[in-house]
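Before we start, here is the structure in question, set down as structure tokens.
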Amino acid sequence: MLDLKNVSVKYGNFTAIKDINIRVDKGEIVVLLGANGAGKSTTFRTISGLKTPFKGNVLLEDDLIDNKPPDKIVKQGIVQCAEDRKLFPEMSVQENMMMGAYIHRKKKNKIKQTLKEVYKLFPVLYEKRKNPAGSLSGGQQQMLAIGRALMSKPKLMLLDEPSIGLAPLIVEQMFESIKQINKEGTTILLAEQNAHAALSIADKGYVYENGNIVVEGSSKELFANEEVRKAYIGA
Amino acid sequence: GEETGGDGEAVVNIGYTGPLSGAAAYYGENTLNGLKMAVEEINEEGFEVNGTTYTISLETLDDQYLPNEAAANARRLVQEYNTPIIYTPHSGGVNALQVFNEQENFIIGAYTSEPAITETGNTLTVRIPPSYAGYVEPFTKYMMDRFGNKLAALPPVTQYGKDWAEGLIPHWEEQGGEVVHNASIDFSKDTDFFTILTNALEKDPDVLLIGGASEPTAKVAQQARELGYEGGFMIMDQAKLDEMKKVMGETYEPLEGSIGTMPLINADYPGTDEFVEKYREKYGEDPGSEAGFHYVSMYIFVEAMKEAGNVEDAKVIYENIQAGLDSLPEDKKVYNIPNIDENGGFEIDTRIAAIEDGEIVPKEVE
Amino acid sequence: MFLETKRLTKQFGGLFAVKDVDFSIEEGKINAIIGPNGAGKSTFFNLVSGLYRPTSGQVLFKGKDISNLKANKVAKLGVARTFQTTHLFEQATVFDNVIVGHRLRTKANLFDSIFHTKRLKREEEQCKEKALEVLQFVGLEHAVDHLVANISQEEKKRVAFALALATDPEIVFLDEPTAGINPDETAELSELIEKMAENGLTICLIEHKMQMIMNLAEQIMVLNYGEKIAQGTPEEINRNEEVIKAYLGGSTSA
Amino acid sequence: MDVLLQQLFNGLTIGSVYSLVALGLTLVYGILHIPNFAHGALYMVGAYITYTIMTSLGLHYLLSILTSIIAVGMISVLMERLVFHPLKDSTPIQHKVAAIGMLLFLESFAQLIWGADYQQMETPFGQVIDFFGLTVTMQRLIIVITAVVAMILLYLFLKKTFTGATIIAMAQNREGAHLVGINTNKVAMLTFFISGVLAALGASLTSPINLVFPSMGHLVILKAFVIIIIGGMGSIPGAILGGYIIGFSESIGATYISSDYSDIISFALLVIILTIKPQGIFSKGGV
Amino acid sequence: MAAFFNKRNIVVGFILLAVIFPFITRNDYFLHVMTLAFIWMIAVYGLNLLAGYTGYLSLAHAGFFAIGAYAFGLLTVKAGFGFWPAFLLAPIITTAMGFLIGLIALRTKEHFFAIYTLCVGYIIYLVIDKWEGLTGGVRGLIGIPAPSSIGPLTLSTPIAQYYFVFVILLLVIFVIYRIIHSLTGRTFIAIRNSEELALSLGISTTKNKLISFVLSTFFAGIAGVLYACFIRFIGPDIGNLNITFDLLTYMIVGGIGTMSGPIVGTLLIVWLSQNLQFLQDYRMLIFGPLLTLMVIFSPRGISGLFALWSAKRTRKLKPKTSNVEEQA
């Protein structure tokens, strides 16, 4: 479904990712692991069209997307839930959600339907639907960010460290939700520091180091890999 | 200002600095149009001084109605083009030029009705239009007779406007009038005159003193009428009744009871008709008095140069202006100017007009 | 206590970015602050270094209340800091960037500048020497004349250190000094931090890199939603249930 | 008492115009963080275009306004594309200087095309209505009503439509807007378009009560800046409220303080406000 | 080629050219224009110190220029001061006003600062315009004395005045150069770079910003005084926003934050305007877009372009340490 072929990305003179190859198949959950600054978010930004690769190609269902603007990419069904959430702080929760459905704005009924579904997934959001997004707690904001992304009914959802700043209980719920969303047909590419939890729900993973992918394999393989265990899972 | 052109003809440079951009540009252009027309006519044949035939080259610079710019321009005109005469159509510019015109030896062709400029003792200033001092009396009399003695003064915030009001007010009060309101209007800053007019009309005046460029002055009058004002307008000489009429929608009706200067097109000096006709043909519109005055003054200066036998020395030319006036051909007399007074002001019989029953009616001046 | 905060609180609108934090830093040691993103760590730094005024509570430096001093006054007392995002002057050389770091120890004023007085010359010399000294200390002597725009991420971090050191501080606050730096270079920067401590400086740093923190820090404070949830040695923190739950991760034991 | 009432109405008229102009300015500032000094020039161009269409094509006043606001909207969009878009990663000083450059250009351009003289714009709504001593001309009534309607429409557009919401969304988080699939270039252009429309509308409405000339935008734009700072830069209700505050304080100030100093009043107001609150009164804390 | 254009040669060349200019020029008018250009340069240097080196764009600059001119005018014309006492006192008055205004204005930042100063500038203009009792309002001030002689040196001829202004300009440039290339200048640049960082480095940003602001008003004041005694007639319009915009144009075209920018920009634009007199009313048709294009394509102005060019040249020879004035 999604293919990154020999992608390199630069910030000025600094190469943040080098010659990366990633493949995500339909229906999968794929996880990106790696330390801070390894290049995970950069990969996401590149897929979303916020950055243009300096080298290499990004393909969505054999369609070249690396030179398309972000809005076109969203229309093609890739939506990102960014690391720092990027919510609209002064708009209400519901308005944020509606903006998430921007690309479907003509289909009012369908939006209502999706909205219901998302509220079912995150009931807190329903309770808070009239509050400005900026007033939510970190965890709630994270849910809102995911909820907003879901509103566009993506084929492929990019989740950049969704567990950041969340209490463990919520983290568990979150991973449950991700599994749920995936079951309902959305392919997921996930970046996580919480490697254990992430690998538990993922089909396969890639491990980043300094902008390179150093290890890749199925979740089982990664769990089994001594280095990966030591560096990211501990013990 | 003597230069020998390619074909053996000599050239006299005459300078002009006035507003060619900014809020007063239209006014500036009108003054310049008069000069240009005269120069073109004169250059057809050239004029002879001491056996040499001269043509005129008009050097113009923009000063945006700013005195300091006028001063800078004048320096440039003298130093670069050696102009014995420099025109400027605003009193601020005249004041600024008077600082150094004697030292640099050039005549100021002062197109301003400000009487003060001829009272400073400057020996090289020629005031072209009549001083507004001449309007104070007849205007006051007409207004008091027709409307009453409560005056609200709303002059424009130019030096000219303020001085005008200050010249009028003492006379008005001497005649038993009362000034119920006095505030100036800034045409370049106020978007709407209602506020200022509401305050003026609150005092229930019989007469409003207004003036400045014709178009905004007309707007002030119009809005005063909208606010229910029924008294008369005393219109300072810069604004022209005929130009105001255009803004009013080609009617004098809202200006009923106004008194102001006689529009040039309605005047009957010997050269007026011919001038108006030529001007219409050339510029496609009616000439205002500024065009007329500039036109005639250019001829006067040329006559003065001929009489003086000199095209360079401002002092000598200046001394011969009276002679020039005397030898001015009848058909160039767009205005009738018999004399120049000892301070350098042209003595012109002031013609004023009032609007009565929607018509321009000439008024006598004693 | 060397530097101490008492019930330190900072509110942004309704949000408590830092709430009732009591923390004390021991002289000559390496202290660390950890916690999830948005926990209030940088805000805490901003409070201590005088960039923000606390909503309530106090900051004491060597017994003196500095809570309401402006940042420049705080710096003069010997408190230096780096920022999470380095703002260096990209188009100038490393050397030119660092020179101004010692400005606070000089007295030359406008008069001196215009008349090129002896004092100015002496102090300029002093600033230059200082700059060279600290650049040497952080291991950048080779890059003194390079444009900042042309040096690596890691070198930029070192320049930021050098700037802080040029102020002649007694305590240095480092906000994520190794963010975006690879493990090898991180190790080198850790060494530099240790070297600073060995030279008698007190250090307080924010980091997300647990391995590094655990090796480096002698004392750790954990913030969560603005509140201090734990404080102690690395071992203690590692065992602390609440910390594991809030930050280190419930299911994994680091 | 009558004067007070009349002056309140005068303040309402002029305040409506100020609000319209300030709205466009604040919209652009809110989204793109550009203090568009050229906005006053758009105002002036708007008046000239309406005037030209009326006189040369003989179109009805209202139709001319319609054409003019679209044309100025386009010019505004062009300005975004050619000037501000290439500068999107530049420093604030560069934005300001670029905007000033455009201002100087447009003014000079207007003089080249239309001359420096005053132009008179006719209005079919010259009727004077007198209610109990209060003088209201039809034109002024139209100014107030149109301004209020335009503001309500803008409010509804921003609040109730998806396209409008994108403008607000982008003002709050540019990248966030990207991520939900909004074409931020389009939104920037749309914003500039609306801003141009509002400027041209304000100018076309006031021109019949005054005149059209190249420097007509100067003071209006300065005051619009005062307004959006008072109202909080980027705040829509702030701009509307600020417009009326300035409108009223001018007309009342001219009556009870001094008409010579009425212009100073609004600037002094600003200086006082910024002296007390350097971030403006309606701004939220923080940086 | 590049070696020939080293800094010292350029400076010496500039001074020499300026010194012999009166002997090569065709007429007094050019001398007049040049003298005026020098006066503008002084004001632009002031603006550049604040906007270019400290990062604060003041749009009240013409206001301070006018304060200087009016202070001088009023002292000589109305208060009966002699030329020299007034010449010294007027910049001091301007600076005092600058100090008071700076205290308040500098509480704001970026756009707020620009707009705040825009309004302050406008208020200054309005006050001069309306306070007729003091300033003469629209009538302006007439009869301001020309520079009086210093001992045997008379300053009444255009050439003498030209040299007089030129000497003051050189002094100003020298002072600015000293400031920029000293600890004070580094401090300003640090503030422009990042106020937060500067603060945490122990720099009192409040004090230094104020110093920079006050200095900039001081130079505006000197320029105003020179203008007043050179033109000898002043009106409120010298405080108008247009003048600020002109100064801004000179600075941006020449190169903001560069030592040579004010000279290059002012000379270029002033002489260009002289030669574009035929389209004088439409000058801005060219200068407006020029300003905008400059900002888009060469944010450092002509001096920046030149620096880039010569840096490219010299890089081939040896790696060069940057100069403060060529920094971003």
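Labels A, B, C, D and E are assigned to the chains in the order they are written; within every chain, residues are numbered from 1.
The definition used in the following text is that a residue touches a chain if its C-beta (ideal position, glycine included) is under 8 Å from a C-beta of that chain, and two chains touch if they have at least 3 such contacts.
None of these values were measured; they are calculated from a predicted model.
When the interfaces A-D and C-E are ranked by C-beta pairs in contact, the top one is C-E. When every chain is reduced to the mean of its CA atoms, the largest separation from subunit B belongs to A. One finds 74 Å separating the Cα centroids of subunit B and subunit C. Centre-to-centre spacing of subunit A and subunit E amounts to 54 Å, using the average Cα coordinate of each chain.
Between subunit A and subunit C, the centres computed from C-alpha atoms are 33 Å apart. With each centre defined as the average position of its C-alpha atoms, the distance from subunit B to subunit E rounds to 38 Å.
Counting partners per residue, subunit D has 111, 116, 218, 260, 263 as the residues that reach two or more other chains.
Chain contacts: subunit E has residues 281-282 touching two or more partner chains.
Shown for subunit A are the residues in touch with two or more other chains, of which there are none. By the touch criterion stated above, subunit D contacts subunit A in their complex at residues 162, 165-166, 168-169, 172-173, 175-185. By the touch criterion given at the top, residues 27-29, 32-33, 36, 129, 132, 137-140, 142-143, 231-235, 237-238, 277, 280-282 of subunit E touch subunit B in their complex.
Within the complex, the subunit B residues that touch subunit D are 19-26, 28-29, 183-184, 186, 188-196, 198-199, 202, 213, 215-216, 219, 223, 226-228, 246-247, 249. Against subunit A, in their complex, subunit C makes its touches with residues 14, 36-39, 149-150, 152-153, 179-183, 208-209, 225, 245-246, 249-254.
Chain contact summary for the complex, subunit C toward subunit E: residues 49-51, 70-73, 75-76, 80-81, 83, 87-93, 95-96, 99-101, 103-106, 108-110, 112-116, 120, 123-124, 127, 145, 147, 163, 166-167.
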